[in-house]
Each structure stands twice: as structure tokens, then as C-alpha cells.
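Labels A, B, C, D, E, F, G and H are assigned to the chains in the order they are written; within every chain, residues are numbered from 1.
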Amino acid sequence: MDMQDILRRVQEGSLDPAEAEVQLKGYEEKGYAKIDHARRGRQGFPEVIFGENKTTEQLKGIVDSLVAHEENVLITRLDDDKAAELTAARPFLTYDPVSRLAAYQQRPFAQKEGYVAVVCAGTSDLPVAEEAAQTLDAFGVPVRRIYDVGVAGLHRLLDHVEEIRGADVTVTVAGMEGALTSVVGGLVDHPVIAVPTSVGYGAHFNGLAPLLSMLNSCASGVSVVNIDNGFGGAYSAAVIYRAIREEHHAK
Amino acid sequence: MDMQDILRRVQEGSLDPAEAEVQLKGYEEKGYAKIDHARRGRQGFPEVIFGENKTTEQLKGIVDSLVAHEENVLITRLDDDKAAELTAARPFLTYDPVSRLAAYQQRPFAQKEGYVAVVCAGTSDLPVAEEAAQTLDAFGVPVRRIYDVGVAGLHRLLDHVEEIRGADVTVTVAGMEGALTSVVGGLVDHPVIAVPTSVGYGAHFNGLAPLLSMLNSCASGVSVVNIDNGFGGAYSAAVIYRAIREEHHAK
Amino acid sequence: MDMQDILRRVQEGSLDPAEAEVQLKGYEEKGYAKIDHARRGRQGFPEVIFGENKTTEQLKGIVDSLVAHEENVLITRLDDDKAAELTAARPFLTYDPVSRLAAYQQRPFAQKEGYVAVVCAGTSDLPVAEEAAQTLDAFGVPVRRIYDVGVAGLHRLLDHVEEIRGADVTVTVAGMEGALTSVVGGLVDHPVIAVPTSVGYGAHFNGLAPLLSMLNSCASGVSVVNIDNGFGGAYSAAVIYRAIREEHHAK
Amino acid sequence: MDMQDILRRVQEGSLDPAEAEVQLKGYEEKGYAKIDHARRGRQGFPEVIFGENKTTEQLKGIVDSLVAHEENVLITRLDDDKAAELTAARPFLTYDPVSRLAAYQQRPFAQKEGYVAVVCAGTSDLPVAEEAAQTLDAFGVPVRRIYDVGVAGLHRLLDHVEEIRGADVTVTVAGMEGALTSVVGGLVDHPVIAVPTSVGYGAHFNGLAPLLSMLNSCASGVSVVNIDNGFGGAYSAAVIYRAIREEHHAK
Amino acid sequence: MDMQDILRRVQEGSLDPAEAEVQLKGYEEKGYAKIDHARRGRQGFPEVIFGENKTTEQLKGIVDSLVAHEENVLITRLDDDKAAELTAARPFLTYDPVSRLAAYQQRPFAQKEGYVAVVCAGTSDLPVAEEAAQTLDAFGVPVRRIYDVGVAGLHRLLDHVEEIRGADVTVTVAGMEGALTSVVGGLVDHPVIAVPTSVGYGAHFNGLAPLLSMLNSCASGVSVVNIDNGFGGAYSAAVIYRAIREEHHAK
Amino acid sequence: MDMQDILRRVQEGSLDPAEAEVQLKGYEEKGYAKIDHARRGRQGFPEVIFGENKTTEQLKGIVDSLVAHEENVLITRLDDDKAAELTAARPFLTYDPVSRLAAYQQRPFAQKEGYVAVVCAGTSDLPVAEEAAQTLDAFGVPVRRIYDVGVAGLHRLLDHVEEIRGADVTVTVAGMEGALTSVVGGLVDHPVIAVPTSVGYGAHFNGLAPLLSMLNSCASGVSVVNIDNGFGGAYSAAVIYRAIREEHHAK
Amino acid sequence: MDMQDILRRVQEGSLDPAEAEVQLKGYEEKGYAKIDHARRGRQGFPEVIFGENKTTEQLKGIVDSLVAHEENVLITRLDDDKAAELTAARPFLTYDPVSRLAAYQQRPFAQKEGYVAVVCAGTSDLPVAEEAAQTLDAFGVPVRRIYDVGVAGLHRLLDHVEEIRGADVTVTVAGMEGALTSVVGGLVDHPVIAVPTSVGYGAHFNGLAPLLSMLNSCASGVSVVNIDNGFGGAYSAAVIYRAIREEHHAK
Amino acid sequence: MDMQDILRRVQEGSLDPAEAEVQLKGYEEKGYAKIDHARRGRQGFPEVIFGENKTTEQLKGIVDSLVAHEENVLITRLDDDKAAELTAARPFLTYDPVSRLAAYQQRPFAQKEGYVAVVCAGTSDLPVAEEAAQTLDAFGVPVRRIYDVGVAGLHRLLDHVEEIRGADVTVTVAGMEGALTSVVGGLVDHPVIAVPTSVGYGAHFNGLAPLLSMLNSCASGVSVVNIDNGFGGAYSAAVIYRAIREEHHAK
């Protein structure tokens, strides 16, 4: 909607001045937050809420603002206690304790071709892998989960090579030494987004070991996001997936 | 070529047994190296030679093997002295001292649509930015260079926003604190590959500062490669570019 | 008061010998602490109490000593439990759980010109930003709060550029990659004090990422205080503000 | 000059279109650099050239552009070899090998009141202290140098306390453990900018020891710049000095 | 007692064979521990028990063994819960919750000349300073406590210089940036043992800042022990004190 | 069993198709895990379960699968709460709270010659030493425990030199500075596997100190596993022990 | 030779007193060094000379002492300049510039069964791999070299699995992210000694990346030596090889 | 000399006013340095010159000033080139290239009892050990050198235990893993000063490994100085030695 339209609708009384301000500025001022309603126009996906370090009151306010603007809602890193309070107050939200994501799908997605493969090394990496997979779900991107295929039992991985090769993008999720990324990276010809996890102990230094490992991968075509950042890995994969499967059909 | 074809041609005398071995194995054994001639089939681009820590003799051997198999040649991280020796011995190679790349374009590229934007923060980041841009050139990917647009003079960057937004993929190259990546990441809806550089001093710790900065970027859709790894950033961008512009038209 | 005055008043009986010792020495000996009553004379602001690692009994003793000497009281890093005990015992103290500051304004402040801008990147940075803003309040320095203007949504920041430019000093508070500091630093011509926060995870290393980012800022005129040190950022800003607005009118 | 003026002068032929473009954009496009001629308007000081990682040709181009726009020139971190080439080609530049600064004072400075104290701990810190002091010279800010007053011989420092207290701003420069900053910080009531140096060995880790020391200073009112960043410390001091002594007289 | 004596006493029945084994070996075998009863003969002080990571049962066993051999008992790093259990079971032990030391003085000490000064920077450093001071008490070394004399209020320290100078050895205990050590080290001509504490936050990295600071002290004659190791600082001081005041009178 | 056998047994109805799939693939698919039943054939020992980050339900599923395939069960890093739940549900498991191992010995071991020495420095290292020793027990390898022989009381170690020298392999377990490894490494002619522990504080950095110490050991023949990785040290020792005592008798 | 023999031979004049002292003490005193002639008796291999930081004169003295005692000589980390001087003076030494080893085989080796596999990831790792392989040569241990089999081209590694599986011990040598170790570790049932190399750049931190990767390997049976320590990896492998193939036949 | 004496001598013309200023202030102002002539009075030893980062001209000036005041001269960390220039200009200085010390003994020392033991682990540690030993020589403290007694050949160390036990103070100098310090620390009852050296490679991190090792030593009575700080270790030892042998006889 352009500025003249907005102003005319205010003049006509069909648009509330407070809402008009949001549309003109591109964000809603909440004091503790400026909710970025221009995000989807600018970046293709609506603003996602980082749940850590926010109070339940703040979360409710941001959720309400997104719902009022007909956006889908996705909250990451939400602990169980805040989730209980929040879903009691806003029962349309669904919460998954493994991935610690809360979501509300307000806008339906069309059926789509292709898929993103989420490949993880061990059972302990599941929370991060699920954060990635469910973020893709929330963005309407088809996902295939290929779990517990760490390189110590290479046959388990090799059994799934064709499924991984068939993906548009692969997200690898691995703790320990993160070698899975290099092996996968050497076997495929599509982009690989690597997510190191903090699963390990001692000289793992909470994820530093696989982070360095992935940044130094001998396989090309691999790029890396922050430790335990399943959401970020999924977001990058979704942007690439969309570029391949959607936008450019229209270009 | 399948195994029966190879074996029949050896039987007929039209294929040298040594070459047949390379084709059956997928690599050529050189003692000090196993040259991976299956790379392009498996990953979409031929093997690229990492020039550091290799002797001129080793480089010649690997170049000759690639040329004999009709591959393009790209050598990264080649210092001036070895480059002088190597280009004297193999004059078809061209060498650029800024990016420290040597290349030989044996297979011509078709004209292509779209482009990758290589955006760098300061003049000092040029060697890494050029490593990225010329790698894309060597892979036949269209590039636009947008240089010296660090955020300390934000108007310089804002002047180029439309050109950056028009790209299929952006590679950001920045030293110092690497803030360029976050600002660009917040302005575009396509994938951003971030390359931290070792340009800085003191508490920069040879690139650690922008590496951490980029891994923690508040903008979504950003993934990161190793410090000074212009080649790696370009490679990831090329894989994504190709997925958007080429392969999937055929799927 | 000079030494002769003090001694004469002791002689006259109008000054208690214990208090005279404090005035002569410049501090009060408490065994566990030496309370620095010469601080305001020497540094312009009274001693501020670091609340961490002190017992409630020690805090009471130091508060009483400051109150007895007619100083304002400011306690930082006070956790909720100790705050409850302390404000029950000394009800003139007010406590804010967000900033974890307790304060008692015994000496009124004159109305003043100009202001310090406290600019923060995200809602999660609020506790540190409020520690800064309320410290300035406690020192009688005018403050403007500009919150949640991280660079991932640059339009939110650009909307407030004029307000930031109008300040005498700006305190930037940011976690994640801390890029806000460089963008603000490049837009203003007054001093910028940067406060990195520990908000982030993984390769954030509890604030190391924005700390390094800010120390390497490509914008000039930026100096940095410790991670999460909202108090320290405010103190530096207050010293500069006072130099601009107060003392030197008198020089 | 506003846009209408510029365009009218182009129409009249009194302004070259290339120069008009620089004035409209605020920077001059050099391919390898975008020279920021709006810097002084925006930040109060003209762009300063970081000499490291730039070729002599690039430096000449940038110097010429600044000179043509009647700006003062300051180049930091210029090594002896490039300095020799550059001053031979542009003899108006003066070069100091201790501070590694080259400068050209094109615009004269008025006489000014007050001063900045540059205080350094040891003889080995001189290069960084001089980078700070000569940067202040180049910005027309009065300086007093107080050198070799490290705390191991406290009487040397205490002898200069009054001179330090009289400053508007103090820049402390120290390697080793950097304790000088805390002692000075506890004795003055004006802003202190701390510059850690890389002078030390072993567990000094090239300046990490005094950097951490200064960030954790028990004295308030201290903020910190990067290791060996004498220029940055001076720049922050100059901004504060100017705010105290110049601009606000006019507000 | 030499071997022949021990064996003869076993033969005579005046020495239990189990005890004889302890005396011959120099330690008592407990399975989970080998209690070193030769320690005092070899090192001048009896074995001290590190309380962390030991169960109450193990502590009782070791205490009983020391008591049976007429040694004084000192337990460090004992948390409140274990202390409660242990002192209930072995009521001759006294426990101090600030220093977390438990002790039992079985062998009386003679009156001694001279003293060790324990000097600490802030009230928050008290637990470590008391660990040092009470360890010296337990070893029968005279101590003077000089607390809260951090360099941010230099007059508080300068008031106590003569008392510090009069010591045989000084133990400095400081967190934050640890500058106290350098200032004290520059003022005295006797050995200084520096104990960094973990008091601080952010870029303090749990004591790394003062540890590096003290290792890089510009004052000579300073040596350093581990972070928070009040016991270790006191032990080194006690060894030096004893060498000065006791043994060598006899040499 | 080869593929034809498996398929024939399915045809005959004597093998369940689900089990046949496991045998053909070499692992059992559980969704959250792929249990590697080919591990013993490939690596000589059955899969060991890493208990951390797995739910009790997941553990039960994996235990049941191993038991059904007649493997011994070993679970590492099992905390007390999960152990209580798990042993209640699967009472054949035994749990040791010191080493945090749960085990079930389904296949008996033959009596064997030789032994592995597990040597630890202090009582506080017992949990890691017992993890090593009991892992060797679970693999049927003879063990001798030599505990609390840290080098501060060298006579305690020297008393046990002959017993250590008689071993086939030694596992050294040490926290603090880890010097035990170098002293033992210099006294024996068989392989030494070093396990650093996180026992220490301050500049110990949770095991970094002994890890670096062991990697830099001046004694040859020492190799190192991760901090606190008693299991890993034991596994390496078991592989070496088996090679010496078992397999090669048959080669 | 026992003490009585030595003393009798001195008495008879058949043994030089200086040499007798060496035999009684087990080392030869050179002032700058104490050459450990008891090493082979105690550890199974003679003392190896670490060439770095020693002068040519010191090296000559130590070589002569070993030769005089009929030991084989092996010098590691010898740079080209010192090697030229040393081999000119002691022409029986052979020098290899790739591995930087100098050796003199004075005692012949018997033919042996079995072998150690030295497996390296890339051509750049050759110097470290050759240091390992030639150390094994110098100790008379059969070696097979399997080079340039990094996991980015997995087929190159899989082609050599049987040869690696046939070894008694494998030494893996890898820089970059070191993933080769985990893949090999998961495929074999014998001991694996991992040697990280400093080959890499940026966030490789001179070998830290593969070091952490190998310490956190998801494959069991792997232990690790210091970065670039090809000698140390070979030494550990030789000790294990000897235990399997030699000594225990005699036990 | 007290102030009245100095002033009277100036009045009489028997004292030069410039020299009188030095005596009153306690230091000589050189612009680039303030030479601390009060050091010996305050700390017991004259100022020692740190040679690194000083020009030859600066060194000459400081040497002349010390000589003029009849002090002994000691310069540390002097490289060969500057040493050649300096000793040519000031031929009374002697220079030792191993320890990199230059010295001039102007004041003779009395014969003394007792000694400091300097114990080093390997031949490569000699430069640091000699820096320590020759610093003690320069301070007139008797020294015994016990070199190359690293713990990998424990018998070499045990042969010298009595000589080490007889010392007043021991300085241990060790690179690699620094285990020598713990073993020596456990064997003696006098103070041990530990000097880690940067001798090592890979995960040695230029001395970090032995530094951490020594800070975490399981032996009590050990304190530590900076990496490669042979001078600092010797200085601390000299202060302790003097306290034991000299001053307190007079107290």
C-alpha cells in the first residue's frame, strides 16, 4: 500500500491513525520493542521472535502485534516455563519441547516441489536438528529428516547418500568433531549449510570444536552458522530453497 | 563412460591402460597426490588446486593432469615466486598478484543471466574480494564488484542498495568488525555468504573479530566461511547461483 | 574543610573524633571496607557500591556511612533476594529489578540542558541499557532512551538519527555482533561509549563477539567499556556530559 | 552547498560535472576506494587514511583527492618504505618514523585553550603515545606529553598529578599490565581514554593483558580503544575536547 | 626414626605392623588415597587436604589418619554442607564459612617475630584473602590484614605503606584488573606473592584479567599463584617467612 | 551370516523380515537412532551408549535392541536420576554412581593374561579413573588400579614402578598440571594413554592445563584422549591390549 | 653390565673412568646436556635428538656421544642450514629436507612382519607424514604410505580401506578439519594414533581446529599427539607395533 | 642525603643544580625516559634496563645516567645488533649472546654464603636459564646451575636432589609441559620460583602449556613468573635470598 492510499484511508476513517503510523514507519513501537512489519516485504519472511531474555508479557505483546497483521508466528528458544504461560494465554500457539519452538500458522502454504535435507550426526543432536526442521516446516519448505548418520558408522550414512543428493539444499547438524559436514559436502553438488552443536565435553569447548572443524572443511560449497543455531541454518536453507523453487520462476 | 565401454576401448587399443585406470578409479595417482577427476561429475566444478604448501614440481604435475583431462585450471594462494616459475613453465596460465590466483580457461562458458554481488568494506579487503570475484569469473558466473562501502560511511553503501538487492547471491567481504554483513543481510531477501578478513590489528586477532561478528549476525539468511577464504565464499555462491539459474531449469 | 578547621572543631567538641578521623583520612574504616568519602571531591561523583559479592550486612554498613555523610546512594548488581532484605531494612532505597539498581537521592539535582542518548539494539539488551540509563538518572544527567534499533532493520534506526545526533554523548548497548555501534559511530560527531552485552549464544562467548567488534569498529570516536557494564558506560558518559555542560562554564 | 546551487553551477559551467557528482554523492569513486568527502560535515574531522594494506599508488590517489578538496591529510600506520616513495612523490607531506604518521596541514588552526594529556607508562610505549600525540597535533588540539611514569616507580607519576588533573581529557598509553590507567583513573575527574599497547612478551599475548586490565579497571570514567590504537585514542579525546572547548560555546 | 628402630620396635611388639608400614613407606594406603606422612619431613609442613571433590567419608578417613600421627589438620575448599557433616562427626575441627577452611591445631606454635602482610583490593576479595590469612594462622605465621586498599582510591593504600613495608613477605589479593600488585610491588623491597581472584565479570574471564596483569607486572620481585588460590599464596609466603625467621638461624 | 543365508531364512520363515533388514543393513532404524549392530564385526567391540543428552525412553530402546542381538551393554555418563529410572525398568543393568556407568554382561569372558594399569594422580580423579577401569572390566580386560600417586609425593609413585612397568598398556588419569603422565611415560617401555581430568580451578580452565601438558609431554610413547574421557582412554587401551594378547596369536 | 663388572674393568684398566661414570650414572654430562644412554634399556628405543633450539656444536657433541655408544642416531626438526653444516662435519648422517630428519643407522634391523599404515589427508600434509614414516623407518618398523586420501573425495579413501585394515597400527595425519581420523577410526579394529597438522589458515589457528576435532572424534580407539608431531605419532605407533610383533612372543 | 643537605650543597656550589633535581625527585628526566635513581633505596636493587623496543641512543643515555650515579648496569633482552653498537660505544659493558644480557659491574660484591639453584629441563631452555643465572651473578647472588634434568629421564634429576635441596631458593626453568617444577616442588622445603619457557610447538602455544602447568602445580610452595622471564624469576629469587642471608641479620 503506498503512502497516498494510507493517508486517504485515514481521511476516510477506514484506517486507524495508530495502524497507519505502523504502516508508514514499517514497524510498531512498543517501548521495549519495535516490531518490524516491513520484514517480509524486505526479506521474504516475517519477523521471527527470539524467545530468550524476553518476558512473557513482552512475548504476548509481540505475538498479538504479528497476529493482528496477519503474519505467521514463530518463537525460538522458548523454555518450558514460559511456553506453558504463553500457550495458556494464547492457545492458538503450538509448542514443541524438543526444539523449543512455538508456532502459529495463520497463512496456509501451497504444496511445493523439491526438499531440504536435514542430516544429523547423533541422537544427542536432535534438539538442534528439530529446531532446523520445524523452522522449515513453519516456513512451508518441504523437509526430509536423516538422523544419526555420524561418520563413525559410515555405512549408515552411505545408505542415505541418494536421498541427500536429491535435495535442493542440505543442512548438516553435528556436535563432537563435526566430520559429518565434510563427508556430506564432498558427496553432493548443492549448497550445504553446516550447524555445529554444543554436544560434547572437555576439549569440545561447548561447540568450538565442530565450529572450527566446519569452517575449515576440506569440502567446498559449505558455509556455516553459529553453534546450536538450527534456526539460522534453516533460515539460510529456506532463502536458498525459495530462490531455486519459487521466485525465479517469476523472474 | 561406463565400465564396459572403458574396457572395450582398452581391448581395441583405443584407450591407454594408464588412462583407463584413472577413469575407472576416478582419480590419478601421483604419489604425492591423487588428482580427483570425478570431482566435476560429483560436485559440479572441477578440482581446484590449493597452491600453498605445494612445490612448483607438484603444481606442474597436477596442472598437466587437469589439462590432459580437458578441465579448466584454477590455483589459489599462489605466491609471486612460485607463480613466476609456474607461468614460465606453463605459459597458458594467467596470474593475478592481487588475488594470488592462476587460471587457465580451457572450456568456454555460455552467456548467463543474473549475477553475484561481491561487496567489500574497505580498500584493504581487496585481495580477498578479488579472490572471490575472480573465482566466480573462473567458474563462468557473472559478478558485480561493489567495493569500499563500509558502514562508517553509510551513504556509500545505501547508494548501492538496489544493485545489491538485484543479485541472486551476495558475498560480503569485511575485516575490522565486519558490521557490513549485518547491514547488508538486513536489506536483501537472497542468500548472503560472509567472508571475514584478517584486516585489522590488536584485538582483531587476525580475523577472529569479524568471524565472531558474522557468526552472531542479527540478520538472518547469512552463513559464513573461513577467514580470508574468498575462494570458499565464491564457491558457495557459485553453487547457489547455478542451482537458481541453471540446473533446475532442467529438472 | 581544611585540617585546622577539623582540629579546632574537635577541640571545641563540635566534631566527633571518629568523624574527624574520616574527614582527615578521606575514608571510613569498616574492617571489611574502607569507604571512600573523598571520592566526590577527587572524581566528581560519590562512591558507587558494587553489590555483587557483598553481604547484606556489609551493604547496610556502607549505605549508612554514605547517608550519614549526606551522599546520594547507588548500588549496582543487586540481586532480588538481597534487594528485598536491604530495602526492608533501609526503606528509603528504591530498587528496580530490570537494571538491578538500588538508589537513594538525598541531594536534589538542578534542571539541566542537553542529554545523553542511550541506544540499544534489541529487547534482550534492556537490562544493561536500563542500568546505564538509570545510572545517568541517579547522577542527574538528562537521558533519552532509544531502544530496539538493531541494524537488521535499519529503517528503525534511521528514523531516530536526528534524535541521536542531538545528544552530547551517546551510549550504545548491543549484544549479538554489536554492529549498531559502528553504524551509530559513523553518523554522529560527538563521543560514543560502547557497551557490549552478553546477549547471544554459541560463538558469542558471553559477550566476546560484540566486545571485539566494538574494539575494532571502523567508525572513529568510539571507546569501549566492559561486557554488560551499563554502569561504566553511563559513568564515562556522565563525566563527559558534565565537562561539556557544567564545569567548563565555570573555568 | 545545497543541491540547487550545485546544479545551477554545473549549468553555468562553473562546476565540473565530475566534481558535482562528488559533492552530490558525498564521496569520490576511485574503484579501489570511495573517498568520503562528507566525513567532516558528518563527523567533524576529515577522513583519515589507514596506511596499512594500501599500495603507494592508492595512497597517492586518495591524498590527491583530499588535497583537491582542501582537506588536511593524515595517514596512519605508514611503513618507512612506502613513506619514502610517497613523500618523494608528494613532498608537501611530512613523515615521522616513530609514530609512522604522515601529515599535511593545509588548513591552519586557531590558538586554543585547555589541553589533552597523553600519559605513557614506559619508553617502549613511545610509538603508540606519539601516534596519539601527533594525531592530536594534526587535529589542532593542544597536547601535553607525560612519559615514562609507570606505576613501578609511583613517585614519578605522583610528581605529575597536577598537570594531569588540569587536562580536559587524558589518554593513557600502557603495555605490560596496564596498571597506569587505573591509578590515573582514580586520581582525576575528567574522561580517561585508555590505549593498551602490545609491549610485553609471553603471557602478554600481544596486548591482551593490558586490554583486559583496562576493561576491568576498578577506576570509573575509563573507556578503552583497541590495542596499539594511539590514533583511535586520540580521535576519541579530540571529539571530547572539541565538545568541551568549541562547539557548545556556540550552542 | 630410622629403619632399624622401626623394625626393632615391631619385634618388641611396641609398634603395630600396620603403623610400621606407614612409617617405612612414608604414607598410609587408604585405597582412595595415599596419605603422605613424610610431607612434613620433606617439605616442612604437613599434608593439607584439598576438600573439593572428596566425599565426607574420605575426608574423615584422612583427618583421622593425620590426627593419629599427631599432625595439625587443615582442609581447604570445604563447602558448607560437607563442613556441617564433618564437624558434627569430628567436633575438634573448627570451620570458617568465609574462607571455607576447617582446621584443628594439635601442635602448639611458639611466639614469633616478623609478619606476613595480606593486602587485598576490595571487599569482594575477602574470601580469598581470608583463605590466605587463616592458612598462615594455621601454620603459625604472624599475619597483618590490610583490606580494601584498591588503587582507585590510592590514598587508602598510601596510608598503609609503612605497615606493608615492614613485612617479611606480602601476599597481594586482587580481582578486577589486579593493579594493586604492581603498585605494592613497586613500593617494597621484600618478596611479593600475587593471588589473582575471580572477582569481576565480562572480559574478566573468571580471573584471567588479573592473572595476566600480575604475570606482566612492571614491578620486579613479584611471583604469582593460581586464580583464587589464597592457600597457595599463603603457603609460598610461609615457606619464605620460615626461611627468613627460623631455619637459617640454625644453619 | 551372508546375504543368501539371510534371504533363504526369510523365505523359510525362520527369520523375521524386520530382523533380516537389520542384518542386511548392519543397523536397526529407530527414528531417533540407528543402532550399529555391525560395530563389533567392524571394530571388535559392540556399540557403547553415550548416556548424556538421551532420554530414558531412547536409552531403553537402544538397550533392548542390543540385548535382543545378544550384545553386552555399556552405558557411559549416566546421571543418577536417569540411572534410577532405567535400572528400575531394566533390572539386569548394574549401575555405579562413581563412574556413572551402567552395564550388563551377557556374554562371558575367558580368563586372560597380562593387564592394563590405570594410574591416577589424586583422590579427586577417581570418577574418571573408575570410568576407565570399569570400562576395561566391561570389555573383559584385566586391570590393576594404582591410585593417588601424584608427583608431589614422588615416593608414592616410585613404590609402584615395577607394577606399572609390568603392564601391557598404562592409562594415566590426572588433573591439576598432569605431570604424572610425563614421569610415568619416562619410566616404561609400553604404550601410555593419557586422560586429562577437569579437576582443578582457576587457570586450570576445566582441564585445559593437563590437556596441554600431556600433549606436550617430554616423554615419548604418550598419546592423549579428551578431557575426562576415561571411557576413551580405556577403549584405546583395550584395543592395544587385545592386539598384543589376542588377535595376533591367531594371525 | 652390573656395577661390580664396571668397577672391576676400571680397576683392570680396560674401562676408561669417564666412560665408567657414564655407565654408572646412565647418562653423559656435557654441561649443556645430559645424554641419556639408559633410554634404550628403560624405554626400548635410544634417545632421539630434538634439533630445534640446539646449536650445531651441541648437535655434534650429542651425535658423537651416541655414535661412541653404538646407538642409532635420529635428529628431528633440523633446518636446512644446520643440516648442511652438520652433514658436512659428520658425513655418515643422511638428511631429508621434506621431513627435516637426519639419521644414521648403525645397528641393522631384522626383517619383520606386519606394518604400520601412515595415512595422510592432503599433499600439504606430506612433511609431517614423512616425519612419521621415516621415524618408523629409522626404528626398523615396516611402513605403508597412503597419501592424499582426504574425505572430500571419499572414493580415494575407500579404495584403500583394505590396506589400512590390514595394518597393526594406523597413524592418521591431517590438517584442515581433520575429519580423516574419524572416518578411518570408524573403519578399523586396531589402534589409531592421530596427528593434527598446522596446514590451514584463518580459523584453523595453526592446527587447533584438527587437534580439537581429533580429541572429540566420534570414533573410538583414537588417541592424539601434538600438532605437527609426526615423530611422536610414529613413536607411539612403534611402541605398540613392537608390543604386538616382538616383545610378547618372548614373554 | 636529606633535602637540607642537598640544598645547602647547591648553595655552596658543591652540587650541580641539575643533579640536585635528580636527587630531590628521585629520577632523572630524559624526555623519553625518567631514570629511577631511587629504585635501589626503595627496592634494594638498582633499576634494570629492558633492552627491547629501545633505540641504541636511548640505551646509551640510560647507561650513562646509571654509571654517573655509580650504579651497576644490567640490560636484558638486548639483540645482537644493538649489543654490537652499544658495546662499541660503551666498551665497559660485557655482552653474552646466549642470555642476551649486557652488564657492567661497577660496585664489587662481598663473598656470600648459601646459593640459588637454577634448574632447567632441557638444552633448549638454556637461554632462559642463563638469563636467570647471569642476572643472579649480576646481583652478586651465588648460583648453581643444574641443567638438562627433565623428568623424561628421572634418574638425571634424582642424582642432583641433594644439591637442589641444599639451596636457599630454587628457580626452575622448563618448556614442553613444565613437569619439572612439580617434581622439584615436591622434593624441597624452600621456595621455588617457576619460569615457563616458550620452547615447544603446536599445542604449546608459545609457553602457555608450561605456564598453566606451573600455575596448577600439585606441589605447594611454587610461585610463577611470566613466560621466558628468566630475569623476573632471578629477581624474585634474589629478593628472597637477600632476605634470608642478609638484611634480617641486621634487623
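To be clear about the criterion, contacts are C-beta pairs under 8 Å (C-beta built on N, C-alpha and C of every residue); 3 or more make two chains touch, one makes a residue touch a chain.
The model shown is predicted, which means the values in this text are computed figures rather than measured ones.
Peer 1: If each hop has to land on a touching chain, what is the smallest number of hops from chain D to chain H?
Peer 2: 1
Peer 1: Which of these pairs, B-C, E-F or A-B, matches D-H in more than half of the residue pairs in contact?
Peer 2: That interface is repeated by E-F.
Peer 1: Between chain G and chain H, what is the separation of their C-alpha centroids in Å?
Peer 2: 38
Peer 1: Can you give the whole-Å distance between the Cα centres of chain F and chain G?
Peer 2: Their C-alpha centroids are separated by 27 Å.
Peer 1: What whole-Å value do you get for the distance between chain B and chain F if each is reduced to the mean of its CA atoms?
Peer 2: So the centre of chain B lies 44 Å away from the centre of chain F.
Peer 1: Provide the list of chain B residues touching at least two other chains, using ranges where the numbers run on.
Peer 2: In chain B, 122, 152-153, 186-187, 202-204, 208, 211, 215-216, 220, 226 touch at least two other chains.
Peer 1: What is the complete set of touching chain pairs?
Peer 2: A-B, A-C, A-F, A-G, B-C, B-D, B-G, C-D, C-E, D-E, D-H, E-F, E-H, F-G, F-H, G-H
Peer 1: Going by the contact rule at the top, pick out the chain H residues touching chain D in the complex.
Peer 2: Contact set of chain H toward chain D: 25-27, 30-34, 36, 38-39, 50, 52-54, 58, 196, 198, 206-208, 211, 226-229.
Peer 1: What residues on chain F touch chain E, complex-wise?
Peer 2: Residues 122-124, 126, 147-149, 152-153, 155-156, 159, 199, 201-204.
Peer 1: Can you list the residues on chain C that touch chain D in the complex?
Peer 2: 42-45, 48, 168, 186-191, 193, 211, 215-216, 220-227, 232-233, 235-236, 239-240, 243-245, 248
Peer 1: Which chain B residues qualify as touching chain C in the complex?
Peer 2: 121-122, 150-154, 176-179, 182-183, 185-187, 200, 202-205, 208-210, 212-220
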